[in-house]
Amino acid sequence: MATNQEPDLVEVVKDGIYIIRFNRPKRKNAFNDKIMLGLGPALERAASNPDAVIAVVTGTGDYFTSGNDLSNFTKGASGSGGASDKKGEVNLELLAQATVGSFNRLVKAFIDFPKPLVAIVNGPAVGIGVTMLGLCDIVYATNRAVFHTPFVSLAQAPEGCSSYLFPRIMGQGKAAEMLVFGKKMNAEEACKLGLVTEVFPDEHMDQVWPRLHQWAKLPPIAMMRAKGLIRSHLKDKLHEVNDLECKRLAESWTTEEFMTSLMKFFTKKSKL
Amino acid sequence: MATNQEPDLVEVVKDGIYIIRFNRPKRKNAFNDKIMLGLGPALERAASNPDAVIAVVTGTGDYFTSGNDLSNFTKGASGSGGASDKKGEVNLELLAQATVGSFNRLVKAFIDFPKPLVAIVNGPAVGIGVTMLGLCDIVYATNRAVFHTPFVSLAQAPEGCSSYLFPRIMGQGKAAEMLVFGKKMNAEEACKLGLVTEVFPDEHMDQVWPRLHQWAKLPPIAMMRAKGLIRSHLKDKLHEVNDLECKRLAESWTTEEFMTSLMKFFTKKSKL
Amino acid sequence: MATNQEPDLVEVVKDGIYIIRFNRPKRKNAFNDKIMLGLGPALERAASNPDAVIAVVTGTGDYFTSGNDLSNFTKGASGSGGASDKKGEVNLELLAQATVGSFNRLVKAFIDFPKPLVAIVNGPAVGIGVTMLGLCDIVYATNRAVFHTPFVSLAQAPEGCSSYLFPRIMGQGKAAEMLVFGKKMNAEEACKLGLVTEVFPDEHMDQVWPRLHQWAKLPPIAMMRAKGLIRSHLKDKLHEVNDLECKRLAESWTTEEFMTSLMKFFTKKSKL
């Protein structure tokens, strides 16, 4: 990365709002190690920064995020320290444990975040980019946004507490279509169902900012008290769900079904 | 029943889909003993059949099901072994215990069903035909479908975990209108509220099948893992709710209010 | 109060329906001590009255209720016995304890109410006038109704179990907009989201009564059984939430943020 370039995860605080931005536009803001391992600590900085009363997660460019980069799996990524065994080959079980560990910590940071957290979904979202929305307080999306959670076609498992939150948010039928069968959802439907709080025409997405600036002037302790009350009724359950989902996710990564799906995925990709 | 006739509960497995069909079209697919006692075991066969990755419940003809046949009560039905006392008269308390026992087992089978379960609601649904939908993962319905739970007018109690699931699914106001006051709901509203996942024009109801066939090709273990995760957060609670509802149901069947309602019901029916 | 005048809280029972009406139309039915301390006991009378099978809460005139009268705070109201210390000055901590105590008892009465409870929202609702709706079984509203919970701008905390119920009812995004940021909601949106069960054109609001009269003829014990089952799954949790919210509310009333907000509020008001 050139020194005068922005990092993969940009953090800015201005007018009471702490903005965290996924910044790999050429890779559709896919989560690499920098983002996967950096997002949790970024949220912690937003939580403790006295100048920030509201936090925002968003993406650079046309995509919100295309989610976890599956090619991580072929190169022992995500804080696994390589996860290679003595012969230098990738040890899949070690890799799964390491990846799921960093994943678990990331979701924990969302669950425990004490200030109002707004997702500004500037484009399509995939995988963790969709499930993290259930852990945000408010989700504003462009009409260009599309939501896709192809967990099962890749023989993986729903994460980010989606197995618990999505049926509550959008009803069990639509949640099953998304999480079990991988059906895509557009912005309008996601809004009707509650995954998205409000849809903005893409060319007017910036209308979200005056509203947030207005809200950032409200009494900050009272805002945290209100958010804290709302979250308190779910917090223990969400931590429990996160742990269970991560367990299932790690299991899924060692199955034959997953290996087959992964090979199909890359074969298909290499043919494009 | 003639030997060349289909049974009251038809089971077919084809292309990965296990179809269970209520088959008493002349009686609006009302639940008799064959269906009430047979549906749970049919679900268990669907669960253990290695060729089945998805299951479907549907009905023959114009009705999904008109629910539990109240005339069962006048002839000591539903696995009660007649439930007559020594004088040969129907012992209402024995009958209530027996009926509620088979009911409880049926609901248990829905709660514990481990594979994706899709209801294809081919027409109006009444009573248990409505409440079982809350226990399915996805509900596709014809626009002709109407949903009616006249529990209170018959002095009975909500069952099938509807007292817990319906407020979650459709909001407490609409759930109270249905479960406390017996208000009917049409397919369009049921879809807007989440009881139905998608409505199909009656003449295009078969468009549901290509979709299911496509989904039946997804990795089966991953599908069960996703469904299992979603259900795991509710399972204990649902069993508890089922037991409590069945207790209240059995109580309701021994009340004066129920006797009065039952007499009104049959008087009205005999006058038609 | 003149003897030929109606009291601030009117109670009438007719045709099986117990009507409780906020009756301070000149003050937008704001809750004074009479209403704050009287509403719980009124609900208890409705619960035990053998002639009442359904209860209704509504308001006189153009407003449902503008909520808790903040001027109570400047004069030691709400059952605080003045809450003055020895020097005759208002002791804010005593006042907070007394106010929150009567508040807690009021919410308890809603949680424990055993019969179907219908809110007929005849106009705008503010604060407790909005949050109590989550504790009613059914909410019918005029299209003139608007819903506003400006808790945070007054540095207070969400109450009436809204921190738990509103995310369940309307989705977490809309609940956060209302409870954390104080965004207003109109009747149509409130209905789409489930806070309101049905909207009536203002000139036809009386169409709600034939429906309620019809329903009041249903078997009363069965109605209570159905409502009791539905509520039983939430009751313990709601009591716990009420206690926690009241604790946070009492805390909020002793903060500097609250004092500042209160002064702003009255300065603004006195300038109008």
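Each chain gets a letter, A, B and C, in the order it is written, and its residues are counted from 1.
Assume a residue touches a chain if its C-beta (ideal position, glycine included) is under 8 Å from a C-beta of that chain, and two chains touch if they have at least 3 such contacts.
All values reported here derive from a predicted model rather than from experimental measurement.
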Quiz item: How would you label the chain A and chain B contact, same or different, if same means the shared numbers make up over half of all numbers there?
Solution: different
Practice problem: Can you grab the rotation angle between chain B and chain C? Superpose on CA, round to the nearest 5°. | Solution: 120
Practice problem: Express in whole angstrom the distance between the two chain centres, defined as the mean CA positions of chain A and chain B. | Solution: 37
Quiz item: Which chain C residues reach two or more other chains?
Solution: 168
Self-check item: Touching residues (chain side chain C, partner chain B) in the complex
Solution: 116, 134, 137-139, 168-169, 194, 196-198, 215, 218-219, 221-223, 225-227, 229-230, 232-233
Exercise. State the interface residues of chain A toward chain B in the complex, per the touch definition above.
Key: 151-158, 163-164, 166-168, 170-177, 179-182, 237, 241, 244-245, 248, 251-252, 255, 257-258, 260-261
